[in-house]
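First the structure, which I've put down as structure tokens, then a few questions once you've had a look.
Labels run A, B, C, D, E, F, G and H following the written order; every chain starts at residue 1.
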């Protein structure tokens, strides 16, 4: 179990800060903590995500889930389902359908992948057995 | 405050799984949770980091802290200092010297940046004012 | 998640301290912490509400929910329902019917508004999605 | 001790939403949760404060601490002192000097009163004896 | 909510220490912490009860619930029901039938009264509304 | 460690309810939860104490600490010291001087005994070794 | 309730470290914390188990449950059932069938006994009444 | 961090139940939970230790720390020091002197080894860096 007093923090690139606020705060329900000319900091499900402003690349490869993505693994199924409901109600762009991975194995989990406006991929998971969260 | 029952999870590229185990488990004191032919999963300070095996690129740009890095922000200064001690005792590669950022501002924090064998950069922080952790 | 060691505190006007004790302690089930000639302090659902004695105005405007009211947002639906039951059993004055706000949106929540003897309005809420509590 | 899963919520009037964001988020270090045309919602030290947009009155009485104000009572002196430091570093407008109230009595506490751009007064406190927080 | 680090402690008279161990540890499932020639100390549902050895009175009045008794108020109904099951399985002496008190009022609660070998009465309760536990 | 969701509860005799409110709420800083014609209920350091009104006996024996008394064992020395300060500031009647018991043994603890207006004795303790709290 | 900051630790003999890693990490879902030439340390359901390498005895008695075994008592039935599912999905060797012990008594509990490659026996339990966990 | 709701449990052999109660409860300050003709169960620093009665062997090898021992790793140095004080005050038999292991390495820890009347060895530890507790 992680320490509720610490936070994970992750820095990611975005191409437009207003667009990032609209996606992370307006859609995904994160909280805006600080705003600088070149970055915003977010309370992302209780951890810190910092969006750094970078140049939009001339030509980007299509995004892929591997090897880079981030997200939250919920202990409670209800939290995963609430996020599904939020995604539907607010029309948040999904990267492929919600699926079950490692079905029939101990590591079985539901997974939902979202795509932010800068093509960062966010994976949210719920495991049948919480000991498999690591 | 984040929920201690959930976990943040982050997927990163590595070039060699044994090297990753040596760095994250043998040096940094993380715990090895699962091992697959193409990835390992780690209990990284209570959150999940998954190291996906990718081809080592022919020529890589020198690593830079922006826009991508990840780590932990410790609420207690003692936890930051213990990590400094670990880094010294075990000779973990540091990416530039430990420094104080935003000195004299409300956001003032100490920061330590490590470099893993696949050139992922890890930033660990401690803020004078824990409300600035986001 | 808020810190359970701190308390929010709110100071409000009342016109009669005995009336305030009867409403907040005798009806609403708050606890009386301290009593002074010109104020009482309450443990109001775990936070502090201080009722300051003021002159009853000659002519008061009818109370309105905006822009001033206060209350508690319950994480658990059961706590909201227990308050509804208390209100009914003890005949606590309600300001308009219990309703659902932002129905069909992510922010959907149930709301109950009470009216204290000094026309302060108290709003109690329960959100379908606890991340919308802020 | 209050329940860390619930939140207190308070609705207050403001005259300008951007000004309120600047004060509560940019200065006081609160987090912006949601933004509507006529209100913003804040994660205010872990509780919810909603700022409702109202007309700026033609002539307002000078603000007074009684009977209406709100704030946080910190259990730890260090949290009170961190707020003092923030107020100084960021030049947040203070309503009268920091003082000790009920000195030499069991209820002795330090108090700091801030003034937001709509003349709402915020009182932050720390009691020598945490049982007096109510 | 009480502080889980502190303990309530209560000293009561008993007429026979072995009898008290048999009742409190052997039947009621408390834990024996310390044993002295003239007293035993118990971990009684997480709080401390000390049984002091006194002379058995020549003639004792029949025990009554008022004004002296002690016990635990369970937040969860399941804990109350588990105690009922324990009482039945181990044949613990009950002082009158299990009953519902203040039925139909906000203070409604189930109550079970046990009688120890020295005629101390123990009352266990569960309230429909946990805010009525005080 | 006890469950912070449950409460210990204790019923004691008092001879005058107003006198009991004055002692427990006005002096000792407990909170008044409910008031009935024949009893009051208190939030006593997080647990429930119920004061039942009984006839003042014609002639009472002088109060003695054994076999009946009740109180709180504080885990933190600071909480014990804060109570000492409260007792001094508010002139609460003490039953004999503050003392150290079992000095030089593992069970060593500080103890303070108070006397309420109905001659109930309250013992507050702090152990050097918290494992001895039971 | 035990302190979540401490850990129980247990040292046991194993005959082969790789075999122990395969059993405890690969099958049982424990985490590998540290690896030395003569031992491995495990995060075993949140506590520490150290496997010390010893010579495989020429002839070992068949393993028996008494007087030596170790394991976890789960408070929640769901955790016991998740372990049963893991055992089945991953074909972990069971030492006799899952059974109910002390049936019809207060101490009634379900029990599952596993056998590691060095014939250490692991017992996992779930009690109907959590107060019987000790 | 382990789950405070679960318990580790360990079964060990003892040669005399009264002797075991005297050592574990009378000396070490554990709590006696249950007593059967052939075993006792203990609340051992919050976990369960069951002492099973076995025949005292005719000739026992001298006890050794490897590969079998058990104990508690304290997060706080103060808890380790309190145990040292208890051992001294109550003359609990120590197996070799208190020592520092892995000195100058990240795994550095203090260790104290006790010996119960059946020659079970108990190791108590405190690590400079709590992340090394596993």
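One rule holds for everything that comes next: contacts are C-beta pairs under 8 Å (C-beta built on N, C-alpha and C of every residue); 3 or more make two chains touch, one makes a residue touch a chain.
Molecules present, by chain and UniProt name: A, B, C, D, E, F, G, H = VOC domain-containing protein.
Just so it is clear, the structure is predicted and the values come from calculations on it, not from any experiment.
With contact taken as defined at the outset, chain C and chain H are each touched by A, B, E, F. Chain pair with the larger contact count among E-F and B-C is E-F, by C-beta pairs in contact.
Separating the CA-averaged centres of chain G and chain H is a span of 19 Å.
Mean C-alpha positions place chain A and chain F at a centre distance of 52 Å. Per-chain Cα centroids separate chain F from chain G by 45 Å.
Centre-to-centre separation between chain A and chain G, using Cα means, comes to 36 Å. Of all residues in chain E, those that touch two or more other chains are 1-4, 29, 31, 33-34, 43, 45-46, 130, 132, 134. Pairwise chain contacts in this structure: A-B, A-C, A-D, A-G, A-H, B-C, B-D, B-G, B-H, C-D, C-E, C-F, D-E, D-F, E-F, E-G, E-H, F-G, F-H, G-H.
Only residues 1-14, 31, 33-34, 41-43, 45-48, 52, 54, 65-76, 79, 107, 123, 125, 130, 132-134 of chain E touch chain F when the two sit together in their complex. Residues 25-26, 29, 31-35, 43 of chain E touch chain H in their complex. Residues 1-3 of chain E are the ones that touch chain D when the two sit in their complex.
Chain contact summary for the complex, chain B toward chain H: residues 4, 29, 31, 45-46, 82, 85-86, 89-90.
Those residues of chain G that touch chain E in the shared complex are 1, 104-106, 128-132, 134.
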